[in-house]
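Shared between the two complexes below is chain A, which has chain B as its partner in the first and chain C in the second.
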Partner chain A sequence: MKMSEQKSGSQNVLRLMVCEMAHLSRPDGSATTFQGDTCVMTSVYGPTEVRMAKEQIDRTTVEVVYKPKSGLPSCAEKSLENIICNTCENILLGNAHPRSAINITVQEVQDSGSFTACCINCCCLALLDAGIGMKCTMAAVNCCIDNEENIIVDPTRKEEEQSQAVLTFAFDSKDKNIITVITKGKYSQQQFQKCLVLCRDASDSVFKFYRETMEKKLSKT
Partner chain B sequence: MAADVKTAQPLQYYRKFIEKDVRPDERTLEEFRPTVLNIGCVTTAEGSALVKLGNTTVMCGIKAEIASPKTEEPKKGYIVPNVELGPLCSILFRPGPPGDQAQRLSQFTNDVITHSCCINKEDLCIVPGKYVWVLYCDMVCLNYDGNISDACVLALLAALKNTSLPKVVWDEDTETIETDHNTTTQLNIICEPVSSTFSIFDNEVLLVDPTVEEESLSTGEVTIVTIDDKICMIRKPGGSPLTPQQLDLCINRSFIRSQEVIRLIQETLNSVDR
Partner chain C sequence: MADHVGDASKIVYMPGDFVENVKVSEKTSKAILGPGLKQDGDTVMVTKPGLLRHKEPNIYWIDCHSRRYVPVRGESVIGIVCAKAGDVFRVDIGGSEQASLSYLSFESATKRNRPDVKVGDIVYAKLLVANKDMEPELVCIDSTGRSSGMGVIGRNGGFLYKCSLNLIRKILSTNCPLLSRLGKQIPFETTVGMNGLIYVRARTTVQTITIINAIAASEYMDNDQIISMCKKLADTFTMVQ
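On to the complex of A and B.
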């Protein structure tokens, strides 16, 4: 959290990221990721048995369940599930396990801004922990445009609420192309390009974080 | 012969066409299907519109009801969009409660209304803290042939532009309201959000306004909602990665589409008035 308070000088610094892997014993892979105060917990099972109705003969079926902190999931949560599912599907080597399913459960712990980005990053780490074959990794970065037209990368919840637009990008590690874009609020094409460039640069530190986390995990055992 | 190839090897069939920069329905890659708009076709609703985008048909009706507002927002009315994808429109859907896609679409249309701020919700206030209007926007798909999101957003916008609310008089002495159906006021629409959808074919080719076959073969989808020269929403939930240049092309195309659609709505509204 300290980083977010310091970042007023250079606005494209991400908040401090912390991740704990394999802390749940039953799932094949699990991760809890903090991005500042935002926290998400994810577990992965797979490749596992698939329901007949969802079976695909040439690839694996990815199923995502999102659990909000309180209350029952509504349409907005369904939409987030779909975003996470399609994004993960794209980086997995789906053809390696035909007629099977990969189940991902995402549990919201705390939403303090940049929530979608944190969910995607946490899923990627959990998939890495599960050791499921992947084409590449992915990094999601959130940014917002405040009312003075400044771009804030990895905003807190308060900054998001006071902004005119919020943009979330997910990039692949191979060519840093755009896997996912979700934006809300009005802005011009130039602003979009600026946000894209800033987030693309910021994604480097997320990829670096993945590497450090994996190094730490593998050096332990 | 061509029909056999299409059934047996749909991907190869499409590839042959796309090599020559044309699609099986004779459209170029960046061409929308002919769009037909009919405004005010349901007389029992406060506002309505029927949109045909090629074979995709969506009917939108707006029903206004009076309700009490939330205590934290005593001056704001509600807008409740709902998309229905029943077994009437395609074999892909089953009867029963709304499926995943219908729920996603309802959320998408709701996001379009909230993020574009096309209606000032305080305009829907009748008596602050007591009575506000609720606009139920029901979109029913009659024929599902791809690109349902564009059709829904267009039907919703056209129906909202057609909406007029009856005058409501508040009697302070008896604390009751009286509705006068003879005098109506037009709903004020601040801006015009227009959506454009692109599907990604073979990880790199972008197809505007996909049909249901193109959607089933696609490896990704991008939906862009624009207002005049501003972007209001971009939604690319996963799928094949795109370069920033490709995304720029999509944005530019959607600006052109936005102008076409606004002209179409204006022309239709003018002809209805006459």
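On to the complex of A and C.
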């Protein structure tokens, strides 16, 4: 059981991040991440046996299952699964364990804004906990452009609803290159660039948070 | 990136970090990279989160906490026989696929004299083949054809416990006092598989449970704490008896 916290310093930074790792006994890796009030629980199994139909001879198959808080997953949830799957495949060492699968289950606990970013960050922490080989880590940051054209990084749900555009960026830890971009709404090219720069800066604190969380986990031994 | 020279055991490396100042052998000018490290051009890249370990002169690896076993050639593991398929047994060793164990790879087994192995049995075996592209293969004999402790275990009761791979490495390391200290207080037999399975059998069920609990509790203890725990256990046991 481990709790890590991150205090926000200047403005335009992320909400408080808290993570508990390895709290589930059955999976190979698990993490519950809070970003403000947004909460996601993720479990990782892998490398495990893969279904014949999905077996790839030269690489690991990544499977993501998203569980909404209530009801059955619909198209939007399937699309989120796809986004998370493609993002994770990018950072995992795919050829280290061919003919096997990495199963990631993402459980929504509370959606209070910046949900996609929280899902991706939680997946990364669960993968770190499972000790699966990766090229680098990844951090996702959400931002939105409100009606007065202000950019809010890591918005709450209310801020997201009242905005004209919502953008989510995922970066790798090596060169801070973009892995994934998800956007919704209307924005100009300049606004996109501005959001990108702000989110890229904010991703530093997420990477720092990952390191602190791992340090706390490993300090027990 | 942080330098590993100095107080290296405290620095946590994350995937994507680089290890600098890697010492190479003077003769061959090569370094040996173990789990969690990968060569990336001229640099050494970390692929798993954990602590960097170094063994003189030129061996490096990352000490990573994981629960999933990845078969490694030559390691001794505990497996559960899941099926009989022709002349091989399918054995679950906790990896990504089941391992095969030929019925001829038991001591004094011949085509006519089949070993007595049933589905559900626990076997202690060595990995003869462990390759990412191939099915792992187990044997219960060494190169001279002797069983040397391997084979079917646990026919007379006992308990099989699953724990993290890190705990296994810890209790098997030569400077860990756990098993020898516990053995002084309570006599028991144990088999430890590198795949995260421990088999324990003591005289009574209560004693077996005590041993298992002590092993499980020692995961995050240092040597002094383990010794004091064993002392406490001994005191309670003499009081009860």
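Heads up, the rule we're going with is that the second predicted complex is superposed on the first by the 210 of 221 C-alpha atoms of A that agree within 3 Å, B and C clash if a C-alpha of one lies under 4 Å from a C-alpha of the other, contacts with A are read in each partner's own complex, and residues count from 1 in each chain.
Operating definition for what follows: a contact is a pair of C-beta atoms (placed from the backbone, for glycine too) under 8 Å apart; a residue touches a chain by one contact, two chains touch by 3 or more.
It should be emphasised that the depicted structure is a prediction, and the values quoted were computed from it without experimental measurement.
Peer 1: Please tell me, clash or fit, for chain B and chain C sharing chain A in the overlay.
Peer 2: Partners fit side by side after overlay.
Peer 1: After lining up the shared chain so the two structures overlap, which partner does A:Leu218 touch, if you call chain B first and chain C second: first, second, both or neither?
Peer 2: In the superposition, A:Leu218 touches chain C alone.
Peer 1: With the two complexes superposed on chain A, say which partner A:Gln164 touches: chain B (first), chain C (second), both, or neither.
Peer 2: neither
Peer 1: Taking the superposition on A as described, I'd like to know which of chain B and chain C A:Ile83 touches: first, second, both or neither.
Peer 2: After superposing on A, A:Ile83 lies in contact with chain B but is clear of chain C.
Peer 1: For A:Ser205, is the partner it touches chain B (first), chain C (second), both, or none of the two (neither)?
Peer 2: In the superposition, A:Ser205 contacts neither chain B nor chain C.
Peer 1: Can A:Asp172 be said to touch chain B (first), chain C (second), both, or neither?
Peer 2: Touch status of A:Asp172: both partners.
Peer 1: Could you tell me the angle at the CA centre of chain A between the CA centres of chain B and chain C, given to the nearest 10 degrees?
Peer 2: Once the two structures are overlaid, it is 130 degrees.
Peer 1: Using the superposition on chain A described above, determine whether A:Gln107 touches chain B (first), chain C (second), both, or neither.
Peer 2: Neither partner.
Peer 1: State whether A:Ala96 touches chain B only (first), chain C only (second), both chains, or neither.
Peer 2: second
Peer 1: Looking at the overlay, does A:Val181 come into contact with chain B only (first), chain C only (second), both, or neither?
Peer 2: first
Peer 1: So if I take every C-alpha atom in chain B and every one in chain C after superposing, what is the smallest distance between them in Å?
Peer 2: So the smallest C-alpha to C-alpha spacing between these two chains is 14 Å.
Peer 1: For chain A, what residues appear in both contact lists, the one with chain B and the one with chain C?
Peer 2: On chain A, the overlap between the chain B and chain C contacts is residues 172.
Peer 1: Within their complex, state which residues of chain A touch chain B.
Peer 2: Residues 75-76, 78-79, 82-83, 85-90, 167, 170-172, 175, 177-189, 192-193, 196 of chain A touch chain B in their complex.
Peer 1: Hey, which residues of chain C end up touching chain A in the complex?
Peer 2: For this pair, the touching residues of chain C are 12, 14-16, 36, 38, 45, 47-51, 64-68, 70, 95-98, 132-133, 166, 219-220.
Peer 1: Along chain B, where are the residues that touch chain A in the complex?
Peer 2: For chain B paired with chain A, touching residues are 100, 103-104, 106-108, 110-111, 115-116, 220, 222, 227, 229-244, 247-248, 251.
Peer 1: For chain A, which residues count as touching chain C in their complex?
Peer 2: Contact set of chain A toward chain C: 28-29, 45-50, 91, 93, 96-101, 128-137, 172-174, 210-211, 214-215, 217-218, 220-221.
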